[in-house]
Structures are given as structure tokens and as C-alpha cells.
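To start, I am sharing the structure in question, which I have written as C-alpha cells.
Going by the order they are written in, the chains are A, B and C; count residues from 1 in each one.
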Amino acid sequence: MTELRIGVFVCNCGSNIGSIINCSELADYAKNLPNVVFAEDNLYTCSETGLTKIKNGIKEHNLNRVVVAACTPRTHEPLFRGICNEMGLNPYYFEFVNIREQCSWVHQKEIHKANLKARDLVKMGVARSARLEALEKYQVEVTSSSLVIGGGISGITAALSLAEQGFEVYLVEKKRKLGGMLNDLYRISPNYEDPSEYLQLVKKVEQQPKIILHTNSEIISIEGYIGNFYVTIKGQNKVESVEVGTIIVAVGAQVLKPVDYYNYNGKDIITHQELEKLLKENKINQKNIVMIQCVGSRIEERHYCSNICCMNALKNAIIIKERAPDTNITILYRDINTPGTKNELYYRDVRKNEVIFLRYNVNKPPVIEDGKIRVYNNSLKDDIELDYDLVVLSTPLIPNEDNKALSQMLKVPLEENGFFLEAHVKLRPVDFATDGLFVCGSAKWPVSISEAIAQAKATAAKAAIILCKPRFEVEGSTARVDTEKCVGCEVCIKICPYGAITKDDNDQVLVRNVLCKGCGLCGATCPHQAISINHFTNPQILSQINALVERE
Amino acid sequence: MEFEPKILGFLCNWCSYAGADLAGVSRIQYPPNLRVIRVMCSGRVDPVFVLDALMKGLDGVLVLGCHLGDCHYIDGNYEAESKYRALEMLLENINLNDRINLDWVSASEGMRFADLVDEFTEKIKSLGPSPISSSTKDLKLLDELQAIKRVFSNSRIRSLIGRERKITLLENTYGETIDFEKFNKILKDALDSEFYRSQIYLSLLKKSASVKDISQEINIDKTLVFKNLLMLRQRGLADVAGVDGLDPIYKAL
Amino acid sequence: MEKESSIMVIGGGIAGIQASLDLANLGFHVDLIEKEPCIGGRMAQLDKTFPTNDCSICILSPKLSDCYRHPNIKLHTLSEVQSVSKKEKCYSVEVKKKARFVKEDACINCGLCIEKCPTKVNDKFDMYLRKRKAIYLYYLQGVPAVMAIDKEHCLYLSNLDKGKDICRQCENVCPKEAIDFSQEDQISTFNPNAIILATGFRQFNPSNIPQYKYAEFRNVITGLEYERLICASGPTNGHLERLSDKKPPKKIAFIQCVGSRDIKNQKYCSSVCCTYSTKEAILANEHDSEIQSFIFYIDIRAAGKGFQKYIERAKQEYQVNYVKGIVSEIKIDENENPILYYENIASSELCTMTVDLVVLASAMIPSDNIEYLAESMGIELDEFNFIKTVPSEPIKTTRKGIFVCGACKEPMDIPSSVTEASAAAAQAAQYASQNKGD
């Protein structure tokens, strides 16, 4: 083993540290610590002068570990690691000791004790640095193509965006036809576009040479990891295997069939999806039409608001009104959900249009009986009776039944309703926690076409970020399994938040370094203490504890 | 001179370490007794580290993570909580549970960080120096800590703790979930039994002895000693060494 | 893939940050233009975020430093776009960078200058609830973590033209000689291949609704003021207290649709208020479990992922009450307790309620320079001055090569802004690669 040669650089940070901590004394103290061959203090370690001093230190004293006692690693570690790297020293041989934010600044009135603390911290840092290991970043080759599952508006948009950025895309659709729910719609809110305008995109897909289309096809298996997924697609006549770098889930959702609600019969009590079909065929001539909102949603068994039903009902009401202005349309609602500018304006217009809005109470929902609808009215404190020739129920989008199977193949979670669960609700809305996998559209949550398009393009950006480089690179501070100690109990496999631990063909547990984020959960949990966490190994942490209690 | 405790802190990189940095940037003053080890996630803190620190005579150990739900690694802090709770259960047996603390600090809570350090330092000051670091080193307590460390190195126990959230939240291998209370009881029983076994084993390592001797030495009821000795024998960790009068003498293997 | 193209992102809030990061990771050079001294935008001002109650700055700050350190991203703070013209394959954009009077690469954020600076100024970041100095760090976790001097209030700079040479204490005390009073505003020209607008929103001033007496009553505050009050790094260190008497409130009213869904002000819905008010009410109860909240609303709009469940939890676990009704007027009693006059729509009764604190969910409106920006870019705005898009192309403005994301095109929440930001990145990348050859 090469001799340890540790250099310690103590920063005065002007007077920020220097006015509380006697930095030259601290450097002298460091000189006497084990394996320290060089120590000095300087005014600003992060200044060009300070950095040059580190460089010279490394050169002149042949240092193979560098410790800087200064501000916080959260802002300055990359800088000093960079300097080590520049000098040919592995950046993971660098150790940071925080004596500003966590010492001089917070103990300004207890100078003596602050100095003692700074010594302890430096001692711990030196001890740890002696145990640091050189690490390299991991790289995997990336197959420069993507799989998009689902050929609705989300899937089509994602596939086109990727193809137009120059990547090959396999687009897999269960049904015969692309377009998904667009095929069932008559017009689209709030601008009454004909779905065929959007379905132009289908033609674009068919003409796009970079898109390899698999209709009437299903995914039957997915193996692998970021950059290297192996997917088996079963078509009508053949089974095909493809290799892709990323996968986008765009499987959409389905409309709830309200079999248990409001005497639904598919004839004079129908869903909006069925209404759209009748509108297409121009078969609507009923005089009294009642629409009921939140049928099967925002209730005990299905808490969520399905987002798009209010706008859809408003749009259908207007279409009917325009065709037959004397149709009486009543919308029974709980809250009208038309957020934003365009939707709210649309709602305002509908309100002016002789459509009647009646609010109902979820505890006293409308009742359909003897050809009439009875609904309790809060202002009248009594029931109102409505005639109807047609009742249209706004039912929510619900997850596809096969989401579960797909989620298992991808090893990604579903949320409680069965929609796909993203990595972070706020800041990683289209990513899965597992690298290389993305989700968009109503597969994740009910969304409008416009939102689906935005999400689909977002997944295209995320996928392209991976596909645009030949290799995917991750930090070296990951977990590693000691195969001698490992008994294959799989506790780590279940606990890893990123699905980074798996078993190989020989049933041996292994960490997929590219997926590992180095959190260390597996290391702290492994029943046989067979996993060590690079850069935060047990010996490194225990050496810090040891240093702290050692008597001088 | 007033007692100045030495306290070790494990801070997660993303929230609590950032909170500590913010306390600095805001110049919030707090007692200078804490020495910090930065880890990426509070879930990295193996109970063995905490025990190691206590055995070496540190006066207290503070573990701080992101607030529940805020973990940078999705749910690492929940795992930290499981481990901490198990550790607390056993330290309670030897009255050392007050010397450890697990809490949550976000990156915007510089004040909260300082308050937590302040409170914990005060608490440790009121408890006095660790019985292990003081001049009259409590050797019995050290043995007990050693035994607890063995418990937390034991694969069965680690496996049980590691599976806690899967078992209580999701499902076990038979597709059923166990409610939290029930799991806690199972865990507590397992920890206690393993603690006895470790104590017996460590005691036998020092000196072969009869059930009665062991019972006196580590202050456990004789039937419990006997029961757990059987388990140790099954695991091949102890065996009969001879007979003293009518009493069999046991030895560690 | 080799890319020499560069893209300009205007606005350094969460949308602009995300768009910049994605583009940078796609290999483009990004110039990120931010008018304040630090990036972070509105999200940096929030305490927690719904529906997970994640600490806002905790999840934002890693992105701030990623942005700062990314070799492909150049941050331009204190900068504003002056004019835009189309060249052959790119745009030509003039950007004015206001003088910071502090050398960005020298300042070490030690704060000695702040201690010495004699001038106190109301702090914009803290919604004017606290004072800062004329030399200041925009906010504690701000990036870049360097000071800026507020020219208008600095004793030295504001007296220069009167021929006086006073103060300069910061200059004397700075250990790094980072203060540079000779700095001047600079105009630079950039030639981006595509532009992304992410200028965000500001809050409607509720003084425009006289019956709410926002300007008069100290215990009537806005949602953003509340966020700062309840934030641990805010002006009260996170102690929720009334501005009139520093007493902790026990009963809080949250009024929805203040200036939104209002014919006299903004006709549109601000999208996020129902959920953020719910969050604010939950946070109040987490601070003090005796606090009761009342949310006055027209329609509850909580269609996002997990939002309805969030509202259910607020009702069941955090003493949050939802009252369907519009508050017509606010008065106060002798202890400055606000009294609300409202119609309870559930019971069709006119009621009053006395509370300790009123929080107004004030409308989100476009940022104040948007008209100027739109005109110089040649893009259309909608009737409310949000940037105009159509539903089938949610990311495209009316001009080729200029894209838009986040709350500058319509009020929206963080996940939607982040999603659109990535979408804008994809779209700009697509545009830039397709227009490279022609």
C-alpha cells in the first residue's frame, strides 16, 4: 500500500473563520495528526491564490489526500474536487471540513469552545480522509432509440417529438388504429376542433421514417435498465424483440361505465362518451336533457376529481344548444372545474347561453325515478323535479386494467387509484424514480388534450437527454455488494427506492451502478452487512467516530 | 468546571445539513458541543454506528433527516425511523434511550436546527457525562451495550427491521399485512430475546458458567437464561463444558 | 451529438430553471436571463408546496446549484431584455445587465458589508414584511450567493449626483475588495437560435377591491405574505403572528377568488388558490393545533393529482372548514379582529364571522414588463396579457422559434410549470436542430 500523505488547508475566509478560529494554530494542530505531512492556513482557500497553494502542496509534498477546512461542501466541494482532479489526484480523495457555517458563525461568543470543536472536526476529517478510496464515475452505453407505449395523443406526440429530434422510436399500440380516445370524440373543448385535425398527426407518424409502428401489438416483457432495455413485442402474427435506451408510458385511461349509478342503461341514460357518438351521427333531438356531473368521482370509493368532465359537458351542452336552441339543458353539478383563463372564460359564455346550472349536495344526490329527476335545492330547501328525455352522466377517467401488469414489467409503482406514480409530484412530474422511464398523459392522471401534449413533449425532452449521448454517466459513490458475505436474502432489493439492486443469472445479488443514487439505505439495512456504500463506508464513518473520542 | 458534553450528529446532506448551514448563514448561535458526520441520507445511519459512538463514551447521538415525505431518496427517512425505533426499544432496557434522538429539519429551518441542538445539549447536560466516559467507567453498562451491538449485527434482527415497512405497509410473502401494533410487539419480543442471548453469550465468552451463575451475572431470570441457552446451543454458539455438582457448566463456542 | 446552437431562456423561476437544465443537458448553450439578483423566482418564496407539503426551498435549492454549476448554462442576473430582432438563422437579443456594484466572482457572501450598511430598505423578497440593507443578498439560499447594492437606496450612490462622497462603509469592510462602485449598466447582444419565455406571474394587488380593506387593515394579508410569515427563514422565523399585535392567530379566514373570477378585475380563474389556501390552512394547524381555518370559495377546483384527497385530509385532520360563499365586506372590531360579512350559499343566509387573520387568495397576474417584452418580441398576448397560445400547441407563441412555459401563459401550479418547461425544451431543441441547416 502506498504511504498516506495527507495535506490540510485551513481557510480563514477573511475574518469569517479567522476572527473566531485561530487558523494557524489549527493548521499546526493538524500537522501533528496521523499521516498529515503538510498543513497550512490561508486567507481564502477558494481564491486563485488559495487554489494555487493546494496545487503546489500536492506537487511539492506529494500529497495523496487533501483536506480543506473552510465553508460548506454543499457549495464548494465541486471546486476543490476539480482542483484535485486537475492535479491528477482522484477527486474522491478530497475531504471537506465545515468550520464556517457549522462552527465559527454559530459559536461567535464561545471562542475557546469553538476552537476545540474545530480541532475535533479537522481530526475527524483527517481520519476519514485516510480511509477514502479512489472512485470512478460509472458509464453505460446507451442504445439511441426509444419505446413509446400507447398510440393516443400523448404517445403520438412523444414519438413525433423524439423522431423529429432524430431518434428512432418504436411506437406500440394495443388497438388496430392510432389516436386513442380522439377516435371517440365529436368535438374538442374549448375551441370545437374536429378531432380529425389532431388525427392529422397520425398521418405524420405513418410517414415518419424514424417511427417504427406496431399496432395490434402488446408488450409482453421488459428487461434491463437505462440505456439498455430489452423489450418483447407481440404483434398479431409475430413476436419481436427490440432494444431501446428509454421507455415512455403513454397508455392513457378509460371512461368509467356507470353501471351502478343513476339507472344507467345506455339508452336514455348515457355517458358523455356515448353522447359524442350520437352527436357524430346527428342523432340528438331530445327536448329535455339533463347532465349530471361527478358521477362516480369525488365520492367515498373514488376520491379524485377527473379534471376534464366539466369542460366536456359544457362543450356538449353548447353544441346541442347551437343545433337546437330550444333544447332545455340543465347541468347538475357540485363544483364547476374550469381552472385557468380559457376554461373559465368558456364557462362564463356557457352561463350566458340559457343552460341551467343547478348545484347539488353530495349528501343528497339527484334521484331518477318514474321518468323524472328529483334534486334537492339548497336555496329552496326543497326538491326540484326535472323532466328528461335524455340524461348524460359525466363519469371520470379511470386507470386501464392492464396498468398493473405493465407496472410490474417496468418495476414502477402505481398510486392508490391505479394510475402510474411519478418520481416526484412537484419537480419530476414526468419521470419515474427509475432512470430512463417516463410517463405522460392520462396514464398518470386525467388530463386534457392540451395538457397531454405538453406532458408528452416533456417526456420527449427527458428521453432525448439520455439518448443524445452515447454513454450515461453517474457518480462513483454507489453501493457495492460483497459476494462473499451476501446470502441472497433480497431485503436490499425490496428496500432500494430506485430498483437498482437485482439478481444476475447466477442468482447473485448485484447493484446496477447506473441506477444507484448512493443513499446508503441498503448498506444500513443489509442483514449480513454485505453491502458497503462507496464514499460513506462503515470504516470511513467509524473512523470519524473513533477520531472524535480519541484522547490526545 | 461545567460538564461539556460531546455529542455526535448524523446529518443528511439534503435537508438537515442544509438546515445547519442555514443556521450558520443566519448567524443563529447554539451550543458548540455537536460534532457532525455528514451522510447522504438519514437512512444510511446503521444503528451499529450509534452504538459504537455510545460504547466509545460519547455523551449523546443526534440523528437528523428530512421531514417525513421530504426525503431526497423518496422514503429513506422512514427507514431511518424504523431503525431508530428498534434501537430506542433496546436502549430503554439499559436507560440509555435518553442519550439518542432522531428528528427532522428542513433546509429552511435554521432556527429549528439550532433549537434542536440546544434542547438536546441541555438534556445531555442534565443527564451528566456518559457512564462510560466518566472516571468510574460503568463496565456492566459497557457489556450491555456490547450485547446490544451484537443484537443489531444479528442478521435475523436486521432482516426483521429491514422488512418492517414492507410487512406493515405492503404485504408479507403470504400477501397479508400486519398492523403496526402487532409488528411492534413481534419486534420488541425478538429484540429482547436476542438481547438476552447476546448477554449470555458474551458472559460465557469471558467465563464458562452455570445457569445460576449467568442468571446472577447478567441479572436475568433463570428460566429465561435456560431457554435462551438452548437457542444458543442450537445455533452452535454455546455448549456444555462440564458439570459442577448437579449443575451443567456452559461455555461459548 | 454535436450542437453549437444556443437558446435563451427568459425568467429564472422554476419554469426557466427547468427549461435551462433540460436544454443544457441536451447539449445546448443556454443564456438564462433573470431580472432579480438571484434565480429562484416565486417558488423560493413559498414555505411548503401542495399536496405533499414538501419544503419548497429544500427541493428547489439543488436545482439552483445545478443551474449555477452547469457548464452549458450562463446565468445573467439583474438582467432584462431590451429588444429582439430576427436575423437569418437566429434572433438578435439586446439584454441590459444592471450594475450590481459587487464583483460576482469576488464576493464570498460573508455578510460583513450587511452589518456595516446604515440604510434599511423594505425587503421585496419577504413581501416587505422585513427590512434589509441597501447592500443585500436577495435571499438566504439565493444563487448566485453574492451581494448586490440597491442603487436607489445606497447612501453613497444616491448622493453621488449631488456631488457628495459619503458612507462607502461596505467598501471599507469588504475583505475581498468585491465592492465596485464604478460598475455601470451594460448592454450586450446575444444571438440565440430559439427563445423560451418563462417570466412567471405577480400577485394582484387586493387594494383594488375596496371592500376588503387590504391597505387599511393590518390583519388582512395576501397569500404570498402569509407564505413568508409561516416560513422558517421568513421575517418572523416561521412564527405565525398577526401584524397588528404579534399575537398568534387562532381563527383564520382564507378568501378565494380575490380579483379572479371577478368581472371588475380578472375574469379568469387563478387555478392554484383552492389548493394553496388548503395548504396554508393545514400549515397553520400544524404550527398550532388549536388553529381553525375557514376557506370561503365559489367552486372548489382541485383536479390535480392527489388534490381532492388533500382537501379531505384538511377537513378531517386539520380543522379546515370550507364555506361556499362570497365575502362581500370586511370590517374590524376594536382589537383589529377582522369581521367578515358573507352569504353562506349552503344555507342561503347572510352571516358574519369574526376571525383573527384574513388571508386573501389574490389573483395571479402577468408580470409587469410583459407588454414591453411581447412588443419587442413581436408575440401576441391574450386579453389578460398572458402570452397567447392555442390548446393544440400549448408551448408555441404566435412567433416561430419563440416558446413559452409556466405561469406567464396562464395561471398554473408547479408540476404543470415544470412539465411545460421540459416540453418547451423539447420544442426549442426540435426547432433549433431543424433550423440549423436552412
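Just so it is clear, a contact is a pair of C-beta atoms (placed from the backbone, for glycine too) under 8 Å apart; a residue touches a chain by one contact, two chains touch by 3 or more.
Bear in mind the structure is a predicted one, so any value in this text is a computation, not a measurement.
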| item | value |
| --- | --- |
| Label of the chain whose CA centroid is most distant from the centroid of chain B | C |
| Geometric centre: closest chain by C-alpha means | A |
| Inter-centroid spacing, chain B versus chain A (mean Cα positions, whole Å) | 35 |
| Inter-centroid spacing, chain C versus chain A (mean Cα positions, whole Å) | 23 |
| Chain centre separation in whole Å, for chain C relative to chain B (CA means) | 45 |
| Where chain B touches two or more other chains at once, by residue number | 18, 25, 27, 72 |
| Sequence positions of chain C contacting 2 or more other chains | 52, 54, 59 |
| Residues of chain A touching at least two other chains | 74 |
| Complex interface listing, chain C residues touching chain B | 47, 52-59, 61-62, 109, 111, 140-141, 231-233, 237-238 |
| Interfacial residue positions of chain A with respect to chain B in the complex | 72-74, 98, 100-103, 105-110, 113-114, 116-117, 120-121, 124, 423, 433, 477, 487, 489, 491-492, 494-495, 497, 517-521, 523-529, 533, 536, 538, 541-542, 544-546, 548-549 |
| Residues of chain C defined as touching chain A within the complex | 1, 14, 18, 22, 25-27, 49, 51-52, 54, 59-60, 63, 65, 69, 108, 110, 112, 145, 175-176, 261, 267-269, 271, 299-309, 312, 345-348, 382, 384, 386, 390-395, 410-412, 414-416, 418-427, 429-430, 433-434 |
| Residues of chain A that touch chain C when the two form their complex | 13-16, 44, 46-47, 74-75, 78, 161, 164-166, 188, 190-191, 193, 197-198, 298, 303-307, 335-345, 348, 361, 378-379, 381, 415, 419, 424-430, 444-446, 448-451, 453-462, 464-465, 468-469 |
| Chain A contact footprint on chain B (complex, rising order) | 4, 6, 8, 13, 17-18, 20-21, 23-25, 27-33, 35-41, 43-46, 48-49, 52-53, 56-58, 72-76, 79, 83, 114, 153, 155-156, 158-159, 161-163, 166 |
